[in-house]
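To start, the structure itself, in structure tokens.
For reference, chains read A, B, C, D, E and F in written order, and residue numbers begin at 1 within each chain.
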Amino acid sequence: MGLKEFVEKSFKKSPWVLHYNCSSCNGCDIEILACMTPLYDMERFGMVNVGNPKHADILVVTGTVNHKNKEVLKNIYDQMPEPKVVVAVGVCAATGGIFREAYNVLGGIDKVIPVDVYVPGCPAKPEAIIDGLYKAAEILKEKYEKMGKAEEVLK
Amino acid sequence: MQSNLLLLSIIFPIIAGIIVLFLRQSSIRKAFIATSLGVIVLLSLIMLATLKVPDIFNSPAYYNGMDVAIKIGDFALLLYVLYISFKIKEWRATFFAVLQLVPLIYFEFFMLKEHEVAMFLVDELSIIMNLIISIVGSLIALYAFGYMDHHEEEKHVSPTRQPRFFAIILIFLGAMNGVVFSNNLMWMYFFWEVTTLSSFMLISHDQTEEAIRNAARALWINMMGGVTLLLGIIFIYTNYNTISLVDVLSIKDTEHILLPMFFIAFAAFTKSAQLPFQSWLLGAMVAPTPVSALLHSSTMVKAGIYVLLRFSPLFRNTLLSDFIAIYGAFTFLATAFLAISQSNAKRILAYSTVSNLGLMIASIGINTSSAIAAAILLLIFHAVSKALLFLCVGTIEQHIGSRDIEDMKGLVNRMPVTATITFIGILTIMAAPFGMLVSKWLIIEVAANQIWISGILAIGSALTVLYYTRWIGNLLSGTYFSKRSGEHINTAIGISLYSLTAIAIVLSFTISTLYNMLVMPQILNMKMDVALKAVKGYLYTSNGGFTIYPIFITIGIAIVLSLISIRKSTRIAVKTTPYTAGLTYAEEDGYDVRNYYLTTFATEGILTKYFNYISVVLIAVILGGAIL
Amino acid sequence: MINSREVKVDEIEKEAKYYYDNGYRFVTETCLEEDGKFKIIYTFEREYELENFHVYVNPAEEVPSISKIYFAALLVENEIQELFGVKFKNLAIDFEGLLFLGEYSPISPQASIEIMRRDKGDKNE
Amino acid sequence: MLDMLKNVVSNLTHKPVTRKYPFEKREPFEKARGRIENDIDKCILCGICQRVCPSNCIQVNRKEGRWAFQPFECIICGACVESCPTKSLTMAKEYRPISNEKYEIVQKKEVQNPPNKDKKEGV
Amino acid sequence: MIRMSDKSTIPFGPQHPVLPEPIHLKLVVEDEKVVEAYPSFGFVHRGLEMLVQKKDFNQMVYVVDHICGICSAMHGQAYCQAVEELIGIDVPERAKYLRVVWAELHRIHSHLLWFGLLADAFGFENLFMLSWRIREKIMDILEATAGNRVIISVNIVGGVRRDIDTEQAKWLLDELKEVEEGLKELEKIVKNNYTIKQRTVGIGVLSKDDAYMFGAVGPTLRGSGVPIDMRTTGYAAYGNLDFEPVVETDGDTYARTIVRVREMFQSIDLVKQAINKMPEGEINVKVKPNLPAGEVITRVEQPRGEVFYYIKSSGGKNLDRLRIRTPTFANLASLLHMLPGSTLADVPVLVLTIDPCISCTER
Amino acid sequence: MIKEIGIFIVAVILAPLIGGFLSGIDRKLTAFIQGRYGPPIWQPFYDVIKLLYKQRLLVNDFQVFSAYMYLLSAILSVGLFAIKGDLLMILFIMSLGLVFYIAGALSTKSPYSQVGAQRELMQMLAYEPMLIFFAIAVYNVTGSFNLAQIMTHGKLLLDLPLMFILLGLVLTIKLKKSPFDLSASEHAHQELVRGILTDYSGPYLALIHIADWYELVLILAMIAILWSQNLVIGALIALATFFVDIVIDNITARMTVKWMLAFSWSISILFTIVNIAYIYFRR
């Protein structure tokens, strides 16, 4: 295996996850946490919850965006190094779900940051979340490949 | 000829100092002082090159004149101290002055049988001290050109008091040379007292109430030391009938030597501001920074170490020596603890000075050949690095108006040059491969079979690293979004900062040469086997070795790699804000974390109290060791 | 159904003090809009029994805060102040309308009567 | 601490409890609410589902014969399923698969097949 | 001269791994000691109370269910009870028992979840894993009986939507037995682990009077020795079941932990009782589409304490006003009282000791 | 000389491989202890490689230098250990790297990394004396600080049982494991986000991870030389210690700074004194 392949594989094998709860109802959050626990154990795929945007590859967002946390979400997203992938977990994160019509809700997180994977469900099942993260890891790898090319262009 | 050179190195600064008093015009004065400093440095370099040491030097033609002058000087000085102590109502100083005056009269007039002794005893130790005094001293004095102008401007001092200031500095340099060269113990005593007096005058230079109060404290504590020094000399004389250093050092029968040794050690403790006398040194920090750098870190306080080193062969392998070691180690640890609770940079440096002096005393107490070598190495490196740090703090203080290390957050953006120099200064004082650390390594290595001492040293060094590391962190903190500004550095200040930095690094780099040239011969002088060898940056004893070049290479590689990385980064990296839990980062009123000063564990006041008690007990123990 | 008696706005503190002295626990305050006025219901509890009283507040009126008596009332009063725009005076800590809402949120969103204007600058912390 | 040690030892000596998803998939429970599906043939476009839906994610247009559903707004509460008079709406046990973009499910009554036609939603 | 403040300020949240939910505390610390704490909320504020204007009272059940994913069924229960009282209907007995079953299952899962998070807050990863592992059993039970793991949405106005048949009930009791065993292990660990005690005993002490007067509720209050538990008022089927409020007297984090651990056993017991005593019959009654006018207050004991529902209607399909005061909202005052004087390392523990649920609080 | 350079290079290349492998085992074992499968053994390598190729996010320039300094001094100390240098000197070089590591974290202005750095300083305060005590105790047995000479002694473990425990403690602190995961931790969930690591990101975080591996190997090697008569047994002892540390991590909660300082100092001073007394008693 050449270095290039190994690096690419690393991106797929080691996606570090940052979870941000952005005015969700906790339903999806506890399901994400449940993914870390022994029964679902997402660390099998090298996914660890890092809690710090600067170390993270995948941003997992639950819940809708409201007027107060849209900046927080943006800041976190900006502090993540490329390549990065955003996963929206739950229908809240996708569109606002049942909260759409509430006055302080802006809607899905794609109003603030670009989203790569949507995981539907209210709450999304842990299995679905793992699917989503797995998919995200693949996207991460693709993004890395693209980024490498971008760098070459820069040089 | 050579003895005249020695004489000159004492007399010249004093005379130059007196002349300076009358030079009222700033530019002329500065030119004159600069030339004198040049002469002083030149003199010491010539002596380094030409003197065949160890030897005694005499210049009979001047002996009597000098002796008489010094005798008169002695009394004049004590009377002057009496006068000022009356003036500032510092009765303790009066008390100790009287306590000196009475025995002095008795000793000089009724006991001392006049016979001529050699004027100077010069060995590598004296040369080292002399080099430090002249080179470091001159650089500090040079620094004071820039500093004092700014200082007086800030404090609106007019007419200028600079002539007095520089005069005392110059006189002090002469006196220090006197201390380290004198063979006649009474001369040494005299110069010792001159340094005390100049310290007093310089601490009180600003004439504020606080300055005078602290100066008074320094005065009485040092006068107390003077008393014991005098007592020590008198005891030696009564027992061995000599006041010649050479003779004293060659005393074979050491039955009665321990008690005077205790007295002398006590004097050394006061001069080196060991616990419980550290308060005067801390108080002395009110003085203008060059004074702190010169007197209170790199030269005058080293007089105590010098004296102890000088007499160390006399108490080798005694209980006294062991106790001194424990006492020194304790001071090292205790003041390191105290330093942790400080955020005032000058106080940190002061505590660190006391701490390092304690370390030197501890290694003198251990009193094996490597330990003495370590003490001397420490003495050299500490003088340079600490002077540098003090000067940096002085510069910083004049710019940002504070000497609190918390206020130095992000200094590298505001004063890039000074902050970098400070950073290097701190590194030379606490990190491998610089000389200070090598000496520390040596001390731990030689102390390894004295569990108490080595334990204390282990904890103490960790504490040292603690309080310096966070300072570095503060200095260099900043982001790409911090406001940046250039820095203008006064020429005089610049010259002294740059040269001290260069000296600190070069000395560390050439530690093996330094050791072989100056330290090892001194060990041989003291009639010890040399256990520590040095070749090409590799210092080794039979127990282990320390090699410095690989570390320098490592640092070099790190610098190169990071430069490459940063340059590459400018193309592909993103300059980002620090993590603040997702909140928008604001550079100016962002979140801010102060260092931990462990005040929740204990405060300075309480600690000082307990440490003082312990140290008094330890001194009593040393006394016990001397008597038994 | 709840029973509650009406008190005057300036008697609130006295009433609260009375409940405090008699060992009542503070439960909550509830604000609602009734006929162009705000109605604030104060609820206290002792041994599972609820005691209520309510006040009617004109939009322009300031309501004395009971957060100095019952510290727990602090948050709910801030909430009402923010979501309804009713002004409380003497709050133990005044979050100045940034407890729940961000800078760009709608102003006093739960009330149709608008009294508060936000003219503060950046205070979004 | 010894109790915890016991736990550690027992964990070390037993097989991990992890469900090896996605390698081994578990059968969903009988009553599980996975996603709703509409058998458009049975649907009479009465619009009850639209009215009961708390999340407003079903739009029934009788005139056009259009039954539209926003899967990314549905909270899978099952209210619509319970109230559907013809039982054309059913609750599938499997959850809706993840996707890269949001879509809308539109079913038309007149058109025979295909029953599912995906279309990107323009929010 | 640029003078930095003498104290450090540290932001705690909104994005912070210890708290899964966004809440911001601006901590002013001295060394590691917290001197002051300024909270800032609103990162989860959605404005759900105002949705009453847009949704009718039946749809609102689902909205209040989504106030929080942890105590969702109980929100639904509280809301339904309030509306039922307003309309004046009597819920079938079986539905009442079923509500108890699901509510108590929720309590267990919520406490286990909290326990895991607390363990995480003081850095005990294995314990976190252990308690969440036990919790998965409850999640399975919930999914099997109600169809969803987290937001089960079983309550509707007039009763419940799903039934638990005898077979399932038996399976449920078997599963609970396993949960009970796991809990026993957990209890032993909590009671005997030195490091856990170091981190919880004497941390966040709330005296009995303070707890009472700061309006604390639930385990926070009962951990300080005040035996107030809304379930003793006998709503749903609690009047027919046999239990005592769990009380500990120390008022520190440890006491609150023990309260919650004991409550889990109590809940298991309640589920058993409820299933055994459950009568046969209908599980819901039809309700008229229009509401009468009136106002109602209900209180229900949630995992974190009593929730307070106020509803007001003036007829029609929609409510006029819905007001929810959640237990965390009531407990926050105590938290603000506990924070100053603690150490930075204890902040997560203290925040978690009241078992905060921000989405409940901010609605 | 040539031979030594060879050994140096081999050690420097091997150490991170071993370290990475060990930390992979650590993660796997931890997972098993918690009743799950955990990542593949090679996971740490994937992580580090991925980090190395991520975008560089910098807060300031000094960070870069710190990361390099930390890594290079770790490398140097391992290399010197391999060519049997002076134990004390190795420790000093290690602490040099740490100074930079901490200062780098302090300089980044993120409150979390600053608090983490302060705590790391406290941790250093806790274990640095222990290591020096260890060196001193070794000296008291073997009469030398030189590893070559120390290793001729053979069964140091019998003389220094308590110092061995101290080393185990140091390992726990160094690995940032419970109960000492104060400044940062292996696991993400902690009160300081990632503590001292918060603002190191991408390649620089990778450098720090590699440096951590070096240090892990170094401390394990120090444990191994306690049985230098047969280094295989020594290595097994080291691995056993490592295992015990992992178990301890999983049965304890994180403690506080105060507790750590009090505990580690009293333990280290007590153990050292008792142990050295024991040495003299055995003579």
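The rule we apply is simple: a residue touches a chain if its C-beta (ideal position, glycine included) is under 8 Å from a C-beta of that chain, and two chains touch if they have at least 3 such contacts.
By chain, UniProt protein names: A = NADH-quinone oxidoreductase, B subunit.
Source: prediction; values computed, not measured.
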{"item": "Longest centre-to-centre distance from subunit B, chain (CA-based)", "value": "D"}
{"item": "Chain closest to the assembly centre - both centres taken as Cα means", "value": "F"}
{"item": "Rounded Å distance, subunit A centre to subunit D centre (Cα mean)", "value": "22"}
{"item": "Length of the line joining the C-alpha centres of subunit B and subunit F, rounded to whole Å", "value": "36"}
{"item": "Length of the line joining the C-alpha centres of subunit B and subunit D, rounded to whole Å", "value": "79"}
{"item": "Centre-of-Cα separation between subunit E and subunit D, whole angstrom", "value": "28"}
{"item": "Touching two or more other chains - residue numbers and ranges from subunit A", "value": "20, 37-39, 41, 44, 49-54, 66, 68-69, 71-72, 76, 79, 81, 97-98, 101, 103-104, 122, 125-126"}
{"item": "Residues of subunit D whose C-beta touches two or more other chains", "value": "1, 4, 8, 16-18, 54-55, 75-77"}
{"item": "Shared interface positions of subunit B, touching two or more other chains", "value": "572, 574, 576-577, 579-584, 591-593, 596, 600"}
{"item": "Interface residues, subunit E side, partner subunit B - complex", "value": "1-16, 22, 24, 29-33"}
{"item": "Residue ranges of subunit E touching subunit D (in the complex, touch as defined)", "value": "55, 58-63, 65-66, 126-127, 130, 133, 140, 143-148, 151, 153, 161-162, 185, 188-189, 192-195"}
{"item": "Residue numbers on subunit A that touch subunit E, as the complex places them", "value": "19-31, 33-34, 37-39, 49-53, 63-64, 66, 68-69, 72, 76, 97-99, 101-105, 122-123, 125-126"}
{"item": "Subunit A residues touching subunit B - in the complex, by the definition given at the top", "value": "20, 52-54, 71-73, 75-76, 78-79, 81, 151, 154-155"}
{"item": "Touching residues on subunit F, where the partner in the complex is subunit A", "value": "27, 31, 34-40, 43, 45-47, 49-51, 53-57, 188-189, 193-194, 197-202, 205"}
